[in-house]
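Just so it is clear, A, B, C, D and E label the chains in written order, and each chain counts residues from 1 on its own.
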Amino acid sequence: MSSWQIIQQSLPLFEKGFVLTLWLSLIGIIGSIIVGLICSLLKYFQVPVLGKIAAIYVEISRNTPLLVQLFFLYYAFPVFGFKLNAEMCGIVGLIFLGGSYMAEGFNGGFDGVSKTQVETGKAIGLSRLQLARYVVFPQGFTLSVPALAANMIFLIKETSIFTVIAIPELTNTALDLIGMYYRSNEYLFMLVVGYAIILIPLSIILTILEKRVRYGSFGN
Amino acid sequence: MAKEIVKVEHLEKFYQKRHVLHDINFSVNEGEVVALLGPSGSGKSTLIRCLNGLEPYQQGEVTFNGEKIVPTEKNWQKIRQKIGMVFQSYDLFPNLTVLDNILLGPVKVQHQSKEAATASAEKLLDQVGLREYENAYPRQLSGGQKQRIAIVRALALNPELMLFDEVTASLDPEMVRGVLNIISNLAQDSNMTMIVVTHEMNFAQQIADRVLFLEDGKILEQTKGSQFFEQPQTDRAKAFLDSMDF
Amino acid sequence: MAHSGINVLFEGRNLIRLFGGLWTTVEIAAVALVLGLILGVVLGVLRTFPSRLLRFVLRLYLEFFRIIPTVVLLFLFYYILPKQMGVNLPANQVATLVFALWTAAEMSDIVRGALISVPKHQRESGMAIGLSRWQLYRYVLIPQAVSLELPATINLVTRVIKTTSLLMLISVMDVINVGQQVVEANNQKYPTGVFWVYGIIFVMYFVIDYPLSWWAKRMDKKRLERANG
Amino acid sequence: LVLSGCGSSSKSSSSASSTKSTSQSTVQQIKKRGTIRIAVFGDLPPYGWVNKQGQRVGYDLTLARQIAKDLKVKPKFVQVNANNRVDALNSNKVDLVLANFTVTPERKQVVDFASPYMKVSVGVVSPKSQPITKASQLQGKNLIVTKGTTAENYFTSKQPNVKLLKFDSKTQQFNALKNNRGVALADDNSYLYAWVKDQPKYTVGIKSIGPKQYIAPAVKKGNKSLLNWTNKEVTSLNNKGFFDKDYNSQLKPYFGKEVKPSDIVIK
Amino acid sequence: MAKEIVKVEHLEKFYQKRHVLHDINFSVNEGEVVALLGPSGSGKSTLIRCLNGLEPYQQGEVTFNGEKIVPTEKNWQKIRQKIGMVFQSYDLFPNLTVLDNILLGPVKVQHQSKEAATASAEKLLDQVGLREYENAYPRQLSGGQKQRIAIVRALALNPELMLFDEVTASLDPEMVRGVLNIISNLAQDSNMTMIVVTHEMNFAQQIADRVLFLEDGKILEQTKGSQFFEQPQTDRAKAFLDSMDF
């Protein structure tokens, strides 16, 4: 069979994998942003106990590989009766990982708001909440956009690791087809194309968005 | 006797171990303009920032309008509404328009109605000649214009005391005058109480009722404005004044 | 049950083998990092040169390694490259090569970012005293960029170390692969062993990466403090 | 473009010149090299696995060592997963695959199989509490397999209504079964027997499904020299009764009563 | 006639489409001190940067020491060794000690021996009163000290022409004098040829042999120093001078 035929035949499977990758990434990214924002807020407002817990979570999550986190969730936890299906494991794992990256992204933005801006806000009598609402958050979000964008791309790539827990996303699909039909060139090519279709446009959009947002709040 | 707006007693301030303000005592009466002069690093900014609680101090007391301030963040937050402050850096919020910058305090902090606040903001903008920029963003203004807006923003809260910390230091020489004019109008026409840190000696001479000369965190002298520039009491102040013009 | 599970680690040479696997991981990461960081600095410098063509090619290189997940890179280099190009390296070397090239790509972006954020007047004062381009990089720009980029570099290092977990997919006997062997060989005797084996791997990665992250964070914080006066 | 850049920056230049000729490892070349590279499993007791002392052992491993011995070279083991056995040969990572490699028509097109040394067919293991005894019970259910195995192939082509959960390694698939991630697991029946011997809660409900199949050593397509040598080697080992011995030492202790040597070893 | 160190003829400079220098013509003789004055944005920095090739120009010619400069990067690099330049921002290299900052040019560019270069560097450091800081890093110095070192670094190359671009603009007022003193010593005692951009009018008046007054990228007037400050020829220059003191 020619390469072209191989590719054509595998198209439906790759399409499925592609959709699944997209879908899991989307949920993972949204979840990560939510978790990250919560952790970041807990830190910003120095919420007693919860803030500490969030900080510990961030360190654990950032300093261990997703693969090991997934193995844990998928293979080790059920031993003690805590079982999620593969997709849930993947999503939970991705959010567990992504949450800390996003939290760091937000923190970086909030910390990046200049001290003078904060003091000026205080000087006109803004309360802590108002200061956050009108000064720190609007500027901080803008500052954190590049980090958040980089994290999104990072998380999408990380979904490739889901292959180890049998989620039929792009990478799993390719590796599986290779195992059955031995046409590695064609399938890996499809795999690269699959990621490129997601990531190249996204990275372009994010770059434009970064500039827009930045211009909106800082004018340069 | 005139009403004492602010009074500082035995104020001591440390940055970690570094002792930057030593036993500071002074008061400012209603309508009075005090110039805070002294070499770089003498503690002028630190002192002025202690007056509205942006810096914590370790000992001493600040009395505002006859009331001793218990220095908690909550209390300071209330008092800051009555104290306007303008910094050296053009410190407008880049994410808000000129008008929104000005309204933030009156509307969100003092809960004035938006209409009333806008009306007075526009009056103030007229006074500084920048009414046409009310919907512009800070990035569209020059440095001098930004500083004028910053002054308006502070005035919009109707403060009882204004603090100016080297507000012209980062302006182009040609822009300085416009800003200083506004401050001196404020001092003369509106009879505003203010403490001014500046290194424009001519300007200080023109507006100051009294001069506090600071060095190494100590008040070296407190002299009437007219007198300070002609015959400063200490040698240090004399040397300082000499160095200020080439 | 949970109590007995931990004993799986102390059966036979299991623990020593896990550490052996960890050593493989660390070795690959270390060599790849040394090579990748050096190459990355060179590429980063080249990316600040005026030549458009050069910049374009290097940008392409960066984006290639950015966009393709590391899993896929490993497969490409391990299985496809030998067939297509006649280049054939053992798994450990392929892994080292892939990680080095990937590190170089990411590093080149960090270096470039740091170089262009050295203030313009620094570059100009260098030129004003007559430094040549090479001298300008050698004495002024690179030393300053290094201190700017250090936290980002450390973070890259932690990421590379974490990503070595993917080595198990290309026949490298890394800590996870050894872990799987241990799990499988002791499955019936220690049903909860899987928890402890993956648990210790989890801890191993954390113990390596956490101090590095902490260091990077501390430096970043210091710099922020300095920037804020 | 990028690939070529990467290739030339590696140490390829020295090996590239000789690549054309070494892209097949002839017996001569292997002897000259002094090592034979053999792809094996690392997590499939009792065929190819690593014991707690860290030694590679199992039925395939014993055979592998014997082959190396007869070639008078040292064996070098490369651990593979089922789905990269073909690539390991094609990309010249190994000379020989002894990793429970079932002969199938598809595989014959991409690698060359030597004479088989083992019989298998696909079996299905399930919990005793909810045993699966007929393929029809699997329709619409999750069945666990490892990527690139004959079990996967069989169910993909012949039983399309069975949902497959596909894993990379044996460890992962058995763990998944224990976590009830599927109703059953399909793989070569012989080591399902071995596995259930230690897992009293599970049973090989379907002992054989699909065609009878053979397991054979594989070499890179076109490597006639090694293929011929291996064919002769298997015949001679068979004559010497090697496989019975191998069976008795490596497999018998793991299998239950239901398995007889003649189910596995080819006479 | 005195020797012409630098001569500019019909210089035109654009930033993209923006025309920032229009037909600039002037020359500077050996030992002469030229002050370049003008409002912000008039093109002073741009002009001075064209003189040592930091900015490319689109038309016109620069002659240095009688030789027409073919404006390639290579040529400029050679000529820059003979032209010292000091900028507004404290532009010492933060990664090098004071001494290494100074030696970089003489040793690496001019290939002087390290000993000889160190000896002359130390002499210069003595002159600006900063010998004791030779092993300090720039971050340990005040702004005024940094600028003095920057001047020494430029002088260490033994330049035939010095360019100063608002070197005191970001200094504390008390530090300004020390730096200006050094420049005026240089002008008077060492008879150094220099072009000085400044907004310290008193200083300019004191040192300038000649004043070039720039506006909107054009030279509006070229007048002898003493005359410019008393009776500027153009109204624009008059207005400018008026605005510079409060």
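We take it that a contact is a pair of C-beta atoms (placed from the backbone, for glycine too) under 8 Å apart; a residue touches a chain by one contact, two chains touch by 3 or more.
Quick caveat, the model's predicted, so the values are computed rather than measured.
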item	value
Minimal step count in the chain contact network, chain C to chain E	1
Contact-richer chain pair (by C-beta pairs counted) among A-B and C-D	C-D
Rounded Å distance between chain D and chain E, as computed from the means of their C-alpha atoms	79
Separation of mean Cα positions, chain E and chain A [Å, integer]	52
Between chain E and chain B, distance of the C-alpha-averaged centres to the nearest whole Å	36
Set of chain A residues in contact with two or more other chains	75, 79, 163-164, 175, 184
Residue list for chain D, restricted to those that touch at least two other chains	84, 87, 90, 168, 172, 175, 178
All touching chain pairs, where touch follows the definition stated at the start	A-B, A-C, A-D, B-E, C-D, C-E
Residues of chain B that touch chain A when the two form their complex	49, 52-54, 73, 76-78, 80-81, 83-85, 87, 89, 91, 93-96, 104-105, 108-110, 137-140, 153-154, 157
In the complex with chain C, residue positions of chain D that touch it	1-7, 10-12, 15-16, 19-20, 22-23, 42-45, 49-54, 78-81, 84, 87-88, 90-93, 168-172, 174-175, 178, 198-199
Sites on chain C touched by chain A in the complex	2, 5, 63, 66-72, 75-76, 79-80, 83-84, 158, 162-166, 168-169, 176, 191-192, 194-195, 198-199, 201-202, 205-206, 209-210, 213, 224, 228-229
In the complex with chain A, residue positions of chain D that touch it	82-84, 86-87, 90, 106-107, 109-110, 144, 147-149, 152-153, 156, 165-168, 172, 175-176, 178-181
Residues of chain C touching chain E in the complex	119, 121-122, 124-132, 135, 139-140, 143-144, 147
